[in-house]
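Same chain, two partners: chain A is paired with chain B first, then with chain C.
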Partner chain A sequence: MAITQRSATVVVPVGAAPRGARRLPWFRREALEGIGLLTPTALILFGLVLYPFFYAIWLAFTDKAVGSPGSFVGLANFRYVLGAPQFSAALVNTAVLTVSAVAIKFVLGMAVAVVLNQQIRGRNFFRAFLLLPWVMPAFVVYLVWRWLYDPLSGLINYGLLDLGLIGSPIAFLSDRSTAMASVIVAHCWRAFPFFAISFLAGMQTIPQEMYDAAQVDGAARWQQFRHITLPSLYHIIGVVLMLSTIWTANAFEPVYLLTGGGPSDATVVYTLLAYQMGMVNMRLGEAAAVSMLFLPLLVGLILVVTSLLQRRAH
Partner chain B sequence: MARPAIRHTRREFLKTSAALAAGAGATLPFAAPAVGQRPKLVYWCYQFLKSSDDARMNFAQEWAKKNNVDLQVTLVPLKEFLPKITAAIEAKATPDIVESNAVELRGRGQLLDVTDIYQKLEKTYGGWVGNAHKFMLEPDRRVHHIMFGFQGFMLMTRDDLIREAGLTPPPATWVDMLAYAKKAQKLPRVFGLGIPVSNQTDSQVWEDMMKSYGARLADGAGKRVILGDHKKEVWEFLDYFTDVWKSGVLPPGVTTWDNTMNNSTFQSGKVVFILNPITLSLWLEENNPELLAKTGHYTYPRGPKELVHPVTFGSRAILKYTKVPELAKQFLWDSMEPGKMDREYSVSQWGPVLKAYLPFDVWKKKPFMKGLVEMSLRGEPQGWPDVFNDAWREQFTNTTISRMLQRLVVDNWSRDKAFVETLDTLNRIYAKYA
Partner chain C sequence: MREPVSVRILTYACLALFVVMVAVPLFWMVTTAIKTNKELYEDFSYFPRQPTIVNFVRVIQRDGLLINIRNSLAVALTTTAVTVVVSAMAAFSIVRYRYRGRDVIGRLILFKYLLPTAMLFVPLYAIVVSLGLGNTLRSLMLTYLSFTVPFCTWMLMGYFRSIPPELEEHAMVDGCTKVGALIRILLPLSAPGLVASAIFSFTLAWNEFLLALVFTMDQSTMTVPIKLSMMVVGDQYIWGQLMAGAVLASVPVAILYFLGQRFVVQGLAAGSVKG
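Up next is the complex of A and B:
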């Protein structure tokens, strides 16, 4: 089919070309054709990715506020943001949230995928059920978790008190020592099904013969997992970890809905800081500066994850 | 064989499409003259209390029908208003009329001058109530938003529990309130004070308390931070706050409460005192009249130096980008008509803003509505005794004073360290707007 179309494009212009017109050499024509085909994609890429990205960089150097055009202010926004008391807390919290949550989701997702890859009763039901937290709207999930954590009427405190495990209610979200952990738990509960389903899909492509052969050679379950399952999943793990790192680092709802960044600045993350500066204080230049300052952290996290996995895969 | 047929079909298709498009284009102005003639108005309606929202929405729909206006109404919760309007302004897709307290848009030059409507209302309806003019008039005597109601926090109390404890409501001072709370609470089921100390704006009532001890954030011009000159008053206030914190009258979890948690805690009968607008009472009226009967509504207690009880408001404004300014002004004028406001006030949380509204029966019918009139007559603009400007507003939305308190009780910082950080934050914010 491709050949037919190609020959048509060559033949038709020749027949229609006026006498004396110079025919372009084939490589020029190919190049023009290539440029023509790439132009729409390039335009879309420029309009939807590059322009907003560079515009955000430009914004970070202006005093742009809502409704005003903004003028160039050099590094003033960066100085202001770096001096904000919440900035260093946001930097640490974003890293803690991202690294811990991704690690937990990975372990949990892998464990669940391994279980659901076995011939167990009700497997299809559990596979469908597994997706429930992930398909629920985020705000519903986090409001439910807020209620679960509530020290006055929350289910967790009721349970712990009833079991006699604690003497007085624990303010999970309001104590500096438990707030971030509580946010991470709620976030992991919602997001781990993505890991589990992706790993499960990958496991189902591994030929059963490999396990049979390993079994014949006397490999234990753990050895089978370590030497067959994990290596076969490296590419999937790479993609999933990279996506999850990006999503988790940019997560806004868990913190916004559970703690509002508190108590004090115990759970403030950079997205919340950018939201506060851009959307609440209407100072878009400062919000852009927050995002720009966090860009190296995000890129660094992604590079670490991908390079580690690539090394393992090779 | 197939190729010529395709070419022929394509041409035919193009010809037919062009003919159809031309035909449709030519006939469109004649096909729907009514659509073309009806002016369009986009109205963002403040969403908070359903009965009140419905009343304003219904009026808007009726008004649009009567005036043959193509009206598009969107309910926007207060918390979402700023993010939404920010996006709308940047996307150049703004509504014509917004309901909010609009000051942040005024400060950024986004609103249409409505001084003429302000003056006409003042003249026609006997003048503005209390300090309403202070909320609207700018230093150059221009007006950019029209208030339709006062709204503000009141001290809401469980009078039954207070009387059970042998006390008489209301407490006269903040110190009395703490003493009442300690005595009337029934731990672990009922706590004394349902006041957040979190990163949500409801926590800023602590700023009002601090000011009632004599502290001020900025100078009279609202330009220079002078909190550093009021260290003595701040320390007195921090003594009081430390007493509150240590006495166990605050329920666990207040350091991450959002703006709904004080309401829900009171609704479930778990606190003696909260500071809240009467929206809660309107909710109780419908859903828990027994609890409403036990609830008292009072002005704030006094501090050692003075009574600081700022109030907020609801207002309408017209975005400067509107293509129908006169129509939007007409809407603003019509929406303040006394008969309409009488109906609206009876189901709303708003206090009266024009003197023509004071004789309405609604203020006498419900006991808790009396408090609204008192608040409207005496209430000072938000931020008072500081100047309400962009700098004050930014420190308010950043919950600066509540963050200082959290540094003490969450992070165990010393007072000096927390105070220095607060001063630094205030200085940095005010410097941006100086």
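Up next is the complex of A and C:
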């Protein structure tokens, strides 16, 4: 089969070369065309995603620094990273940030979606307005929150003092007891609209007849939410929770821009630790090792989301 | 069926609470940008008493933010142009052609969509340096494709799937080639998807922080996010200028959002929830 095709293309006169392509059987021509269209994206995926991904795994086993080639050092980077007190701080902080922020965003996002799903006047306006924190650039949001938290001239301290709720200003971002909570609040403000808009999109596909029938049967509003709304949203809730867990666990900007990991590593997360080791200490091997230690968890999450998303697609 | 009054009161009370929650930080950003330093640091007031544009003038003249805006625009526009063309080709190929290996690429796109940049910035930095692209805008234009292309391809795949292939098949019966059918039939029909993917790639590139922080070193290549974050540590009384810069940085994204809001909301749903 392959041989006859090859000879068929060879006997085509040189002048008719463009027509020669037409003589390929349709399925081969189609395959070539499809692969051709895909090539730029495939190159980007292999060169900028797959290759760096495996290169990072290799880096984690070398003493590569900026400007030096680096040689294989076995597990030395992992021993170093696991022994560093910063690593356990980063592990705990990443977990605390992720779990509490995702929980708060879920509750807040669901509440906003329920309210926006009611018959309210100007619903489109409010939906657009409440999406603004998610639309704004993240770095802008965290710079604004840094200013809101400012111990000397920040709005939050002025407001709390005016209301008589505190006696003296609080250094929200440089006090160990408030730094992490402050980061979480700022992050939730930024990211809750993603939950709200996704849940709202799901709620709007639930047929009104289901609620009407429940009302005839005398179901209270809470029961309607519990037995109609929530079950219809299970798939969306699953996807949103997983996506948000991945994004939150890998967030860099909130911590970098608000606290820089301080005070004394109270808010350091793993992405910030990798940045500090790689870019501040210029030791890329150790930075890669930090990322690799979080990789198994991340890949596990990604595989779950992938199967959830693909089940929906088919 | 009419809602009971109590439910309506509760609904509007919650709505008011959410609106205030979102509005206060935005209000503070904008009013800080138009307050004088006296109002900001000595004589506190919730509302600006003498609105001024001096912060905008300072952030542009003294801090040279226009250079950073130009850098950000160059990177975001280049990334967007390349992304829309390349992603539309790839999405068309994956949705409408049959060949081996198609599923692998599809899965790889989804994997990258979910794999955060934080996992890749160390090797990407090593690659950028070894290509001799350290501290250049080209390093950002190149590496930003690693997240804009998978994201937009994934989104466009959803759009293309929602358009019945019969339309293109009719065109092909009439003598149109398959690629011709893409250009004449599928692309015009999926214009909302293309607009959304352009908005998304521009926004993703405009907002990107980590790679820009790692790759760029000085004022000539810094993008807006890095410039503003560097200003925080520079000076104690910087907040007027900084919030003016934050307003300027939000303007392009806000304009795109209000022009293309319908598409953005559809896109969010198509990319994340519907698949």
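In this section, the second predicted complex is superposed on the first by the 245 of 314 C-alpha atoms of A that agree within 3 Å, B and C clash if a C-alpha of one lies under 4 Å from a C-alpha of the other, contacts with A are read in each partner's own complex, and residues count from 1 in each chain.
Here is the rule we go by: a contact is a pair of C-beta atoms (placed from the backbone, for glycine too) under 8 Å apart; a residue touches a chain by one contact, two chains touch by 3 or more.
The structure displayed is predicted, hence computed values, not measured ones.
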According to the stated criteria, A:Ser153 is in contact with first (chain B), second (chain C), both, or neither; which is it?
both
### Message
A:Ala42 in the overlay: touching chain B, chain C, both, or neither? Say first, second, both or neither.
### Response
second
Practice problem: Give one of first, second, both or neither to describe whether A:Pro85 is in contact with chain B, with chain C, with both, or with none. | Solution: first
**Request:** With the two complexes superposed on chain A, say which partner A:Met279 touches: chain B (first), chain C (second), both, or neither.
**Result:** both
Next item on the list: In the overlay, answer first, second, both or neither for which of chain B and chain C A:Val66 touches.
Entry: both
Message = Contact-wise, after the overlay, does A:Ala191 reach chain B, chain C, both or neither (first, second, both, neither)?
response = neither
Winner on chain A touched-residue count between chain B and chain C: chain C
So in the superposed three-chain picture, is A:Gln118 touching just chain B, just chain C, both, or none of them (first/second/both/neither)?
second
May I ask you to decide whether A:Ala179 touches chain B, chain C, both, or neither, giving the answer as first, second, both or neither? first
Exercise. Could you look at A:Phe139 and tell me whether it touches chain B, chain C, both or neither (first, second, both, neither)?
Key: second
Chain B and chain C footprints on chain A meet at residues 66, 150, 152-153, 275, 278-279, 284
Within their complex, chain B touches chain A through residues 82-83, 85-86, 89-90, 104-105, 108-110, 188, 198-200, 251-256, 258, 265, 268, 270, 394, 397-398, 403, 406-407, 410-411, 421, 424-425, 428, 432
Contacts from chain A onto chain C in the complex sit at residues 27, 30-31, 33-35, 37-38, 40-42, 44-45, 48-53, 55-56, 59, 64, 66, 111-112, 115-116, 118-120, 126-133, 135-141, 143-148, 150, 152-153, 155, 158, 189, 194, 197-198, 201-202, 212, 215, 221, 236, 239-240, 243, 246-247, 250, 252-253, 256-257, 271, 274-275, 278-279, 284, 287-288, 291, 294-295, 298, 301-302, 305-306, 309-310, 312-313
Within their complex, chain C touches chain A through residues 1, 3, 7-8, 11-12, 14-15, 18-19, 21-26, 28-29, 32, 40-41, 44, 86-87, 89-90, 92-94, 96-102, 105, 107-112, 114-127, 129, 142-143, 145-146, 149-150, 153, 161, 178-179, 203, 206-207, 209-210, 213-214, 225, 228-229, 232, 239, 242-243, 246, 249-250, 253-254, 257-258, 261, 264-265, 268-269, 272-275
Listed in rising order, the residues of chain A that touch chain B in the complex are 65-68, 80, 83-85, 150-153, 168-171, 173-174, 176, 179, 258-266, 275-276, 278-282, 284
